Amino acid sequence: MVVVLVGAIIVIAAQILDQKLHYTSTDVVPGPIVPGTQYPDEAFTGIDVPQPIDFSHKIHAGDNEINCMFCHTYARRSKVSGIPPLSKCMGCHTVIATEKPEIQKLTAMWEKGESPQWNKVHDLPDFVHFTHQRHLKRFLFDNQELDVSDAKRVCSMCHGDIAEMTVAKKSRPLTMGFCIRCHEANEGPSDCTKCHK
Amino acid sequence: MSEAALKHLSETQTKDIDENIAWAKINRDVLRSMENPRRGYWIAMAISVALFSVMIYAEVYQYIYGMGPALLNTSHMWDLYISTFVFWIGMSHSGTLLSAILHLVHADWRKPIYRFAEAMTTFSLMTAGIFPVIHLGRVWNFYWVMPYMTDRGIWPNFRSPLIWDAFAITTYLTSSVLFLYIGMIPDLAICRDNTTGWRKKLYTWLSLGWHGDDRQWRNFRITYLMIACFLIPLAVSVHSIVSMDFAMAIMPGWHVTTFPPYFVAGALYSGCAAIITLFILLRYFFKFEEYMTFPILDKVCKLTFVIAMVWSYLNLVEFASVWYGHDIPSKEVLLAKAYGPYAPFFWGMIAFGMFLPFALLSKWVRRNMKLLFVVSVLLNVGMWLERWMIVTPTLSMSYHPWGWNIMWPGWVEWAMVGGSFGWFGMLFLIFVKVFPCVSMYEVKEMVFHRKRTIYEDVDEMMVLHKGAPTAVEAGSTKNGGS
Amino acid sequence: MSSLFGNILKGWTDYTKGIEEGGHHEYEHMWGMVIDLDKCTGCNACSVACYAENNIATVGEEKYVARQSMQWLRVERYFDEPDIDPGAIDDENAMQERGASFLPMMCQQCNAATCEPVCPVAATYHTPDGLNAQIYNRCIGSRYCANNCPYRLRVFNFYSYTDENGAWPEPMKQQLNPDISVREKGVMEKCTFCIQRINAAKDKAKMENRQVTEGEVKTACQQTCPTQAIMFGDLLNPESKVTQAWVRQQIKLGKYKQDRENPTLRGYRIFEELNTDPSVLYLERVREE
Amino acid sequence: MNQSKLDRRQFLKGLGLGGAGVALAGCDLPSYVTLEQGEENVISYLAPNEYVIPGVGVWYASTCVGCSAGCGIHGRVREGRVLKLEGNPDSGVNMGRLCQMGQAALQHHFNPDRIANPMVRKNGALVEASWDEAIALINEKSKSGKAAWVTGTISGHQRVMAQTHLGAIGGSRHYAVEQINANVWKTACKDIINDPNPEIHLEKAKVIFSLGADFLGTFISPVHFAASYAEFRTPPRGTLIQAEPAMSLTGGNADHWVGIKPGSETALALGVANALMNNHGVAGNGISNATKTLINKHDPETVAGICAVPVGRIEKIAASLAANSPSLVLAGGSATGNANGYSAAAAALMLNQMLGNIGTTITAGRELAYPQLDLVEGNSANLKDLAIDANEGKIDVLFVSGANPLFLAPKSLKMLEGWNKVGFKVVLSSMLDETAEAADVVLPLASSLEDWGSHIPSYAKGTRNLALQQPLMEPVFPNTRGFGDVVLALAKDAGAPGLDDYDDYYGYLRSAISALKKTDSEKEWNGFLMAGQTQIPSLGRKLSYSDGKITPTMNDSDDGNLTLIASARMGMWDGRGANLPWLQESPDQISKVVWDSWAELHPKTAKSLGIKDGDYINIKSASGEVTTRAFIYKGIHPGAIAVPIGRGHSALGRYAKDNGVNPLSILNGASDSKTGEIATTATKVSVKSAGKNKQMAKLMEIDRQHGRKLVATISADKQRRTEGGA
Amino acid sequence: MANHTAPTHRIFGLFADFEQAFEVIAGIRRYEVPGITVDDVRIKSPIEHPEIEDVLGERPTNIPKFAFVGGLFGLIFGFFFLAGAQANFTVQPQGGKPVITIPSNLVLAYEMLILFGVLATLIGFIIGARLMRKRGPFYDHAVSLDQIGIVVERVDDTQRQQVRDLFAKHRVIDIFEENAQ
């Protein structure tokens, strides 16, 4: 009797504690922004990473509402989202905003046939296998409630509100705990070998 | 003490303790042992520190270069680290045995010697605990075996005997430290009352305001008893769990059902042998002849012999069950132990562990301090060899013949093994100078109760009523003494 | 913070299920292998392919002598008439009358693996694919698993091989397979049945909303084998060649004593009697009398 | 055409290191240090092709040049790096399979010891120089005298290119040097059945009787034969009988292994023939009377004495051959590695004729319609010729590529002396081997995975293909150049006609193949590249049979010395694999030794010499000595000692240098009487213990299974009952 | 029973002779000092005296209860903690074996039982023995050596002298007094 009672108390207490731990942050952050998903959150203030060219996501994805996958075109086909090739930049910037100093930097590089050396912002450790392709399919293409044009809502689950950033900033911790919580909430695979290689 | 005096003492000392010893002398003798380290102490300390430094160097080396220089290999993933771990865990059983079991059965001759035995328990555990950590390939992640909550949602594997080890050792270390400490509180109060300076501060803090009132004593007695009751099953479980590191494995020579009792017996055995060694050392260096007496030594020796026989029996049972069980790989391992390249060590273990204890039957040996010292050390060498002979030959001869090979430990491993003795010695040497290594209050109790018993025997109470000289009058000091 | 006690009831259901059904085998796949020892020529191509695919370090002569080598797949060689005691050799029996026996040994991916329960940090565990996985980054190097492996098929990084004097001096580093980590010192490793290839195939299949098909996953050893002595596939797929071979040989998973109608069938599993339930089926070598 | 070339180049340029980096040291970081942002860089592509996706591996077809078999390969390219090679399933040579040397070609490509820059000898030492400087020097010197080329087996357009160059600089001698070859067998085939390269159908045979031919390891096209062998072993299962003095990989797989006295293979074949004719009523159609007389002289008892094989076993072989038809008799390896080698091959063919195998298991091959592209098969007779010619001063300027004559040549040939007499030596090589170290100019070549080329596989069944080799990635060492590019440039400088249209070898190759295939379409060209091969016209041959000259005599003075067998092994091959750590660490198939040489000894011999396993032993011939460790087992004839070829380099790189010994160096220079092949099993050596004993680096210390059911063996009869084929 | 002053005195007597000290307590027990019962007596002793405790009568302690509760908590918490961890550790289903492994958890819960039992005993000891508090005023170093001290509490003015007399009768060595107010 006593054992069962104490056991029950421990379990119930832990349940309550767990609930609290799970959902404390929902007070701060609005609910899931991708329909049909649970969205993990965490107090992480973000890390700024300087770049050789002050590329502004705000202008491209925010103000001009360019779809993320227009530039990060590999995301739906590969595990890496990829940095757009310089030719893609020049596709527009031979015409648009050629007078800006950052664009002139870019043009100079293009003419020399060099690529800028970007600093990685969202860099997972080398022992982690993360595939953009599968995540996009799960949250975007297979998601009846979301239109493909809303890709950035899916992207922002891990990358934060990129559309509001000037230079990309790491705004989610991207730790194992971060991944696990999302996998638990959205019933992603829990097999270690899915992510660890 | 001169040779002649020693010889004289060995012939005349027939009682566990002289019940007329003055209580003040007890305090004085023990407190003296804590002061003014002499040259021998510093030499011992220097050796211990030197050994320990070598261990640190080896560990740093291993940290940088990996487990390779230890010459572990694909078949021998464990070697001396684990066998020495088992050895030290075994050593730790002495204190528990002497303190808890003998306490429960009211064997009061334990009282003068249990303190250092308990200290030995604690320090052996602290030494043993090092080995599972340093044997890890990625020692910097050792805390992953602890069941702590992380946001990663991963836990240790509670099915692994290594986790059981971690739990058992933690529990055992906590409990034995508390046992040692609680039993020491009245003595710490004595120290507090008789020292000055930093020692006074330390003892005041540690004695928790002990002032010997009856409530404290009563609670103390029950606490001590309770912890002793907890400790005995714990001690048994700890070494059973250590044995399960092997018994739970599938390997021939490890997968043996008699391992838990066998390990416990071996642990008690090596613990008792170590008590004899330290008994002789302390008695010699601290001139504790009046407390650590020959009759007590006799009892310890006899106890050791009995446990040695239990261990030998279990050993033979294991051989017999392997032999008649006719599991070919197990039999191959047994034969390889006896005839293979490790044979000298195997037979050394048999000689030291099974046959040498018979020397303890001789009173002449028991009274010959130097010889007994050598014997007790050899018993422990035998027990160390036993652990090595459990770990390594099985790995050399497992199921798949591809893995058969002979491996001799590299320098890193030897440095760690040697260093563990340095570490233990260092802790023990610090202990004997900071804490009383003979329990003063319990020696007093022993004296007091024995004296009462004697008085009762001669119907002393009658005499007392008639106004015969009391103990106070008879003694040179206020109570007792001759 | 994940739910510490939240899953306890679910766990309990799984537990009872495990009791009643002999383990809740909710496997997605059960990767298995068949190795025909009659076709195996012992040429070592599989072993080298494994080095190439899996970023296995070469250790050099000294460490090899100390038996600290790192091969995941070794081709063992035995002789039928091995007695090299010169006294025992008469003229009639002076020489080998047959060739050697070759045995490619890789992790047997046991379904009742002895290595799994003993890992203190659960770095090795059973995946829903029926694989015995090793998570390198979780490993703390207690090496208990390797001690408990009757096949001696786990290898340990006794040294660090990643520096310039290691196994991959520049530019050899460029060859390293990015789909699998390079293991640092102090980590246990072993054959994974080329789990990176399995995962790639599964990802691809999921992207195309289909199941992984037979032959889609090929392990490096299987692919390179000049005699195609190695077969690999999903034992849960009744169509797969591997399943058919297991059925033909009347070997069933989950048993350590096979009640075969035909005892002369060539299939056997190594150390089956230890009840490790390996996923690799060997076909006996055949030789003329 | 130019445009497409640009595309191809651009494609390679685009493949910078982007996307995910090398997963190095992935495991050592504590997991909370996942915050690596800003520490690693990504370089975006400039203007990639549509199909280039970072993180996705793409497979490109090419051809393996590890040996002359010419297996088709697929290379997995990701982020501009080639990560893994697999066999090309479309290739008729290897059907998607690959041997260990093919797998290890990656390590040749990424080898840290590759030559990065041209080198020129100045004041006695090789110093780095620019390409211009080196080429200018070559152009200046190459016209100064009698020039010659030394290559390995060479075929396709590289052959054309090298010979064009040779012609342009006025040379005529082309030495194709190849230590491991089947020259004796092929010569015998040409002489006797009128086809140097007949198709050999292992899969059709029910019994294979192989006289030392290590077709699973080193004979002509090992991967192809291994595949055929697998078919041969599929029920109904064939029986393999191998007769050789020291066990080869094929011997290791034999049902019956016959350890015979070195050099007595011809006699054994005659003895078997005798038993067949006399005991099994085999008629011997087409066999000349002279040969029959010879056969009759070799009754099994006599042969048993010559070969040191029990009579019973000879009878058994004959019975097996007689009872199972079709069968196949092969000769190669150690059987042809002596002064009588040609006889062994001739005897094998004679047995095939007797057993009616010619036309069933040995069928006619096909001849290329363009003989100028065909293989110049290397052999060691050329090595001997090279040494002699050089010593005689017939060579002034020497170009070497794909061969390492200074390593291969026995000391008795005085190769080094001859080499030093050559005025100007140019070595084109990707590694600094012994020959390159002694050169005047060293030109760094691109690796086989960075270069263009076309090859004719040394063995093909059915149609003949031109195997195409294309670069799989940008050069690891940017200052290296492809073989074709270098030779094209040299030929142009030397004034060779008709090459001015071509900027580089790619252009030449493409236009040549387009001309060959009579197509200029981009799509078809890409199709050739994707397939890794293209079919080229060939003509059928026709087999005939006429007895070869069989001389069974063995002038073997039984002086108590042992016969040295310089055995060929898959792995090290002729030494080219010695600098690849994968191959060094891949255990030898039979002895399981790694990272060192060993000497195989029979236990009886070892006992009589007082040698134990692992002892250092000193092996001394008339022309030198080597010291290595003994490996004692019963798979060798008691009168022989076998030391594998391939190790014992004094150069080549960090892994190869000072590793093991080179048995070729102490060969006595004897050669096959007919073909001039250097005999590898004909040197007498004295062996004595050198005292020391050190544990050998071996995969396994044990030879037995100790009662475990590891490799279980079932009798073929039982297998036939359960799996058919009875 | 005289009650004209509040019983506010404490008297502490040091005895060298243990038998005499026993006699003092025996005297109090025999009500030789009216109004003072054995419940008002505490002793301070260098050693443990089960005999005196007999004389003082039953004075219960709570330590076994502490130990029991601690042990029980350890057992239950240990088991449920481990079970919870295992149930939550989603990769635990290893090879189709049960998620919550009873045998191993029992081993560990057993260790937890002992650990928490011991810790609770320690806490019970500290609480029950009133350790880690300011020491009472009556303390003499001799107590830790070889003398026994008897404290009589709640002594009023009239009883004071009687207690002192009783002490003196039994060869007291030293007497200290304190007014608790």
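Things worth noting here:
Letters A, B, C, D and E mark the chains as written, and numbering starts fresh at 1 in each.
The rule is simple: a residue touches a chain if its C-beta (ideal position, glycine included) is under 8 Å from a C-beta of that chain, and two chains touch if they have at least 3 such contacts.
Just so it is clear, the model here is predicted, and its values are computed rather than measured.
A comparison of the A-B and C-D interfaces places the larger number of contacting C-beta pairs at C-D. Nearest to the common centre of all protein CA atoms is the CA centroid of chain C.
With centres computed as the average of Cα coordinates, no chain lies farther from chain A than E.
A centroid comparison over C-alpha atoms places E as the chain most distant from chain C.
If you average the CA atoms of chain B and of chain E, the two centres end up 30 Å from each other. A separation of 53 Å divides the Cα centre of chain A from that of chain D. Our note on geometry: chain A versus chain E, Cα centroid distance of 63 Å, whole angstroms. Chain centres here are Cα averages; for chain A and chain C they lie 36 Å apart.
Each of residues 20-28, 31, 700, 702, 704-705, 708, 710 in chain D touches at least two other chains. Across the assembly, chain A contributes 10-11, 14, 125-127, 175-176, 180-181, 184, 191-192, 197 as residues in contact with two or more other chains. Counting partner chains per residue, chain C has residues 1-6, 8, 69, 74, 76, 117, 122, 125, 136-139, 160, 179-182, 184-185, 187, 271 touching two or more of them. Taken together, the chain D residues at the contact with chain C in this complex read 20-28, 31, 78-79, 81-87, 94, 96-100, 102-104, 106-107, 109-112, 216-217, 222-223, 226-227, 229-230, 233-234, 237, 239, 242, 247, 249-257, 259, 310, 476-477, 570-571, 581-587, 589-590, 592, 594-596, 602-604, 606-607, 613, 632-638, 659, 695-697, 699-700, 702-705, 708-719, 721-723.
Taken together, the chain B residues at the contact with chain C in this complex read 65-68, 71-75, 77-78, 132, 135-139, 141-142, 144-145, 149, 151, 153-157, 159-163, 166, 245, 248-251, 395, 398-400, 402-403, 405, 407. Chain A meets chain D in the complex at residues 47, 49-50, 74, 77-80, 82-87, 110, 113-128, 170, 173-176, 197. By the touch criterion stated above, chain A contacts chain C in their complex at residues 10-11, 14-15, 18, 21-22, 125-127, 129, 131, 133-134, 137, 180-181, 184, 191-194, 196-197. Across the complex, chain E meets chain B through its residues 16-20, 42-50, 52-53, 56, 59, 61, 63-64, 67, 71, 81-82, 85-86, 88-92, 94, 101, 104-105, 107-108, 110-112, 114-115, 117-119, 121-122, 124-126, 128-136, 139, 141, 143-147, 149, 151, 173.
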